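Shown below is the structure under consideration.
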């Protein structure tokens, strides 16, 4: 159910086709579907413009499949379905539910694309500081695409070879929102942020060793960025960055 | 110098009024002005649509005044001037430079408003969880206003009395970007984020005591928000949140 | 041995059936049974109204079995037996000792139910923020039941979809004590606490990744809760929360 | 407004004295009073059985006075008023509002007692490990009293002289809830918890130096207590412990 | 070579049997034996009264065997040989070098006993708070024995059942030095320390979960002990505690 | 009351001069004296061979004076009195109670010497790595002296100029116990420990800046010392080190 | 391409053999080679005098092989090739590309030596505190050799047996730069630094357990070194230390 | 005493002017001068080529003056004298000792220049990311000068305006060693390091707020630098960076 579906209900009320009480009942019963171990927030599509996303980690394959099945049953919804932090094991039963289901091994995402409509107004650019940051960057790329955005990306443009970044200035200038993934010292968002006049969403990655403390160094670096147009999401949270970027890109 | 100024230079070149070499010279000498202890990035207005902001903490009154003076000298710029983390002591010499200079004691900002033009496309809403978070929220409000946005705010709507937040749902729905300031457990952005389909910029504050560890608890809470449309800035960084929100609101 | 057993001893003394010295001897020799590697505190049932609970982690199957055997030998005790942080490997030899022994794979508990008496005065409600928090919540549910309480639960009611929680308000109002399990930002106890006039025991879980730091973010969030009726136990300590709740529910 | 006031409204409706619509209006408009910088949750007395408590830290004397004035205006409320983390400076304007206002210098509390009714069912016992923990313990004592409880206390019974604690066993056994305040290694709650069959609320204090890290050592110690009937509140949060204990004691 | 060997050399010099230059040469060449990857400090037996101890972790079986072989070659030494943090894999080649070699699986120690002389003046007592702390406690017991001490121990006497500890007061009073191993909140050393007038060496263990942070909670607790006769060694360092206790017990 | 006083009581019982019941009564009433805000553990002198030490920090001058007065009243005790973490303000009322009271400004100790008897068997050596560590080292020196030990010290022998330490080898060899105070990297105890065959008590100090994190770097360094005869006390806890050393030196 | 190659280009320009525009074009197109997942910075050899080093961790064998292949294709470069944090699995495809490829199992390095020229002016000395630190030390040794330096090393010279270090004073004095690897308390760089007048690069290692916190203790110790000629690299970063040392040794 | 002084002694021996025994005596008595509270390492000038530096923090003015006086007494030394972390209060008595004494208020250094000889072979460049980092940068500049180096500096060239740094490329290329001071995210050393082929010494500063945690963010960032020619010193340790750079520049 998307916002225009809600409009239809309200217009049916206005047109006298639907009794107000009945409309309220439909709305009241929509909010969520209770599977016992999970309550699927079908209403989220209405509130946020995208269906609830399934966090795969810590769930059994059975639980994930049951949730996906319930979401597929929502016939009037054409929203794409997304499972994050998934594995081949979680994917197996989902694959059986829908032929369009796809497992993105690099980023650990499962997607079921039911709509290919582009709803974002501009391009989201995803940049990564190193080759080892690519899994997180890919999580952002796939998420942003599945949420209806045009996405560009370039990888391995870390600050120790600043000319590699500058070579892409055209693409940088073209973007409406930029997502920057970096581990180790996490300095890339500051440099990118300083060059641009659009919002930069920074994703610290757990790439590194020793005093990177699994991404803490990059996280702190980004939170202290001297470029003011930078905001930050959780370590390795490529999904969250793409979600925020999608919200921005739909404005 | 704003982007249309740059256009004029380039058009003058096109029109043959300005020799290319001369145009390059003008552009080349613009980047920054070197005061020795500081290099003012006049070019930033061009790149980012807002003049460089002065971080007051750790600077002497003389240094701040010298930078402001140099910025005021840029005659062709109509950008507002902003000093953050300032004090009455830093304000004294600035006041003498320009009658429009204003010290916002609550938020520690100095502003010199040279343009009242609204350039943001929608409303930025600033919410705070408690009364004690107001100084940080005010830093966001003043910054967003000085950067050309229409701003609404409501304070003291923390999650322990969720009805206080819900009472403002109309204003929430109206906003194009929301800034949420919260200390202690920092839970408000998750609740607000779950209700809305616009980007939420979360600002952890250092309000609290004991295991709040000067805002660390709120920061970690926000980074782990189960609402996916939330991104985070540094502790007490109301300025940064407003800057990010302005970037978004201009899109 | 429970408190009424103690009463019987004392009454026997009063009735002249038992010599005081003999009574003291019996009490003196009761305190604990020494297995060398463990000292079973049989006296705890008297002091705390529940037999000593066995912490399985770090013990060998042989050690666990020996302790359970000693507890089963206490003929006059009808207290249920509980092993926490157990595994199938620890369960194997226990199963052989008593047919009622049961292994709860999800929560890692072993229980031997010898009494089904309800001693708690009201209902304990267990709520979890997400599906991934269920193992911890189940540890609380099973523990509370085995300690003689009526238990209700609902799962997946996190704050990003606040309507899912509100839909359960009736059950919330009915509870005498509430246990709330949440990972990530750990915000649910604050919202639940703000709605109720009963004690809320908060359990941070290690669900999350990156800056959740294995439950630290949720722990700090809960310790800083702006709802004042919230107290906190260790990360993933569903058992402890149920123990505290049982103590409260027996008052 | 307390729960019996609500009953009166509903009974008036039942008796036909009050129109349902009007009753709803009264309830709808009750929730909170908006002072701009603060929204007073008058409804909390109804939900939680105690009026909203004012967190003094970070508020100006004017703000605190305005909130207290608004609470005093609630004629139909007989709840006591409590300001925490207050100072003599915050107290000055409050004193002028009500002659019963009292400043507790040791614990930094301001109280206005409007009802001396005892609503707690048993005794709350407050124990402190050392003399230096007394300010925190006093915060718990005064809060528990102002919330309608009978309170006992004994101080300086730390675990390095265990006989000092044992000398008070009678009082310990008498208590319905126990609050234990301890800094340094925070071991006292474990010992007390092991002796009793009632809930123990542990308050880590910032007493200590060096590796006490302002109460962190005590906090971690208490969270890892081997006594299972212990739950924990924030460092130095005597108020919160008393609030939780009051909730329990009213059951 | 022990201190009396050194005496013999010096006496030979005094008696004119050994030329001073030759004595110096012998002493000069003693300090250590260079195996390339390791420099065995044979001189340590002289300086510290016990041969160098081999830290097994991070060494290959070949390296450990080579070091042990070199130590066995020191014919004039009768010191026992000790390898800590060892595994069955490290033990295999050592076993072949000497029939007296013994692997203590619980504590991960390898010992080669060449002398059973008791050099410690009193008894070293080793106590553990829980059954799960036994591996660390055993590391202390075996080390203390191999270093020539009479050792007593009792396990599972944690503070939540204080009577279990008090039941052993006689043994406690008898000890010349006490080693206390405890995980979780690490409170036992404070209670033991408060009862005794001898030095207590506290060993935090990594037993626990969640906010025990692998022994950090216990470590901080012990460092902040309110009993002043407590000093602390590294987490899980039963060996170090026994080494310190041996030094004390030889005085 | 010291151990020989206890002997006298028991001998009086044996000699029939004192009735057993009366002896028990005397012992029973000895344990502590309750001042309300403090319970003085007079029994500690018996258990630990030294009177209870007063931790000055967080106590008022009135509280400290009352405790000292109560201790002075114990006529049959000849133990010296010690107040740690004191200030000139705390000293003022103590000075009036006893002419022998002395304030050690450098170390913040107050002492009242009532006995100059040397009870320690050997010399305690106190070494500091730098001049800035002297206040902590002095706390150890004064405490050790007041507890009846012969004390030597040398300061500023840090490891960056190892010859300064070696120049004192004679004094090092002479000591029965060594206390080493060091801030910054805290390396000195490892070097000293490696040279000696006696116990070394290491005191990390908060000397340093930046990544010394107020003594944390030194603390961690000392806990990980590769010299096995080193145990550690809290940061800046010169008193505790001396207390442990005294316990050892009396053996 | 090395610096003399650049000289040739510039000299060709000077000699008129190469048109300036063409030279610029050649330089412009050199910077990096884009493999999609990686951008190889061939220009780095020019800027830094050594080809880009491949960080193996987090890369697939295919990715590593593709990068190595591209680097081998750079015919005019005679720089050695280095892959760090590699495994046997990463090595397999590289081995097939070039017969000179060598896998250093101990240090996890892959090297392809194409030049054996010594470009460093003096000797780099690598010292390790313990045998367990050797893998990190070997990473430094191999890196320094592959970068054209003469390298000496000695292992197991930790501060608890200071004479083992002093026995190597001659080698110490001979070195132009010293690299010191140490885990546990990380004290060796301070002692070495205090003895020498050359720069010391300190490498904390993750050797240790418990409160070594995977090298944090050693890291903090080294950052707080009281020897002023010490600078520090990341935990276990033997490669980085050798890189810095090479830079220094080429001066 | 510098190295050439040592040479003179040795040459005198060679020439027969000085008996070997007498030479040894002179050398033996040089090592340090004992002031009780401090041991001045006069020998350091010999070992390290620069006199011992006085760490002012935590020392009294009397102590600092006494040490300076002793150093001035060393007639044959022409080394400059340096006191770090000093204040006007510490300077007062030093000023009276020597007219050349100078207090650098910005950096808190006291210098007594006795030699203006340039001993460094190239230029040391000091760069700071922001104006607020200048005090730390100045500490580096003054220290490097006083140690005999030619120094250049430029300030306020942070990565958010990368063109400000690039404008100084000539000076960058000219430097033999570069010191980079940066707070907040500490990204500047990575960018500078990536551009150059000389060693970069990075100094994290405590500039920033919130999640900068007093320089921790910058420190971690620098330790994880993706530029391999970067090594790091303690937070705010401009002195240490200059010391390391001087050691390098003398090679």
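A, B, C, D, E, F, G and H label the chains in the order they appear, each numbered from 1.
Everything below uses one rule, namely that a contact is a pair of C-beta atoms (placed from the backbone, for glycine too) under 8 Å apart; a residue touches a chain by one contact, two chains touch by 3 or more.
All values reported here derive from a predicted model rather than from experimental measurement.
J.: For chain D and chain G, what is the smallest step count along a path of chains that touch one another?
T.: Shortest path length, in steps: 2.
J.: From the centre of chain B, which chain's CA centre is farthest?
T.: The most distant chain relative to chain B turns out to be E.
J.: Could you state the distance in Å from the CA-based centre of chain E to that of chain F?
T.: Computed value for the inter-centroid distance: 26 Å.
J.: With chain centres defined as C-alpha means, what is the inter-centre distance between chain E and chain G in Å?
T.: So the centre of chain E lies 39 Å away from the centre of chain G.
J.: Using mean C-alpha positions as chain centres, tell me how far chain C is from chain F in Å, no decimals.
T.: 43
J.: Would you give the residues of chain C that are in contact with at least 2 other chains, written as numbers and ranges?
T.: 130, 161, 194-195, 210-212, 216, 219, 223-224, 228, 234-235
J.: Following the definition at the start, I'd like every touching pair of chains, please.
T.: Touch list across chains, by label: A-B, A-C, A-G, A-H, B-C, B-D, B-H, C-D, C-E, D-E, D-F, E-F, E-G, F-G, F-H, G-H.
J.: Where on chain H does chain G make contact in their complex?
T.: 47-49, 53, 121-122, 176, 194-199, 201, 219, 223-224, 228-235, 239-241, 243-244, 247-248, 250-251
J.: Which residues of chain G touch chain F in their complex?
T.: Residues of chain G touching chain F: 129-130, 158-162, 183-187, 190-191, 193-195, 208, 210-213, 216-218, 220-228.
J.: Under the definition above, what is the set of chain C residues touching chain E in their complex?
T.: 31-32, 36-39, 41, 43-44, 52, 55, 57-59, 63, 85, 204, 206, 214-216, 219, 234-237
J.: What residues on chain G touch chain E, complex-wise?
T.: 130-134, 155-157, 161, 163-164, 167, 207, 209-212
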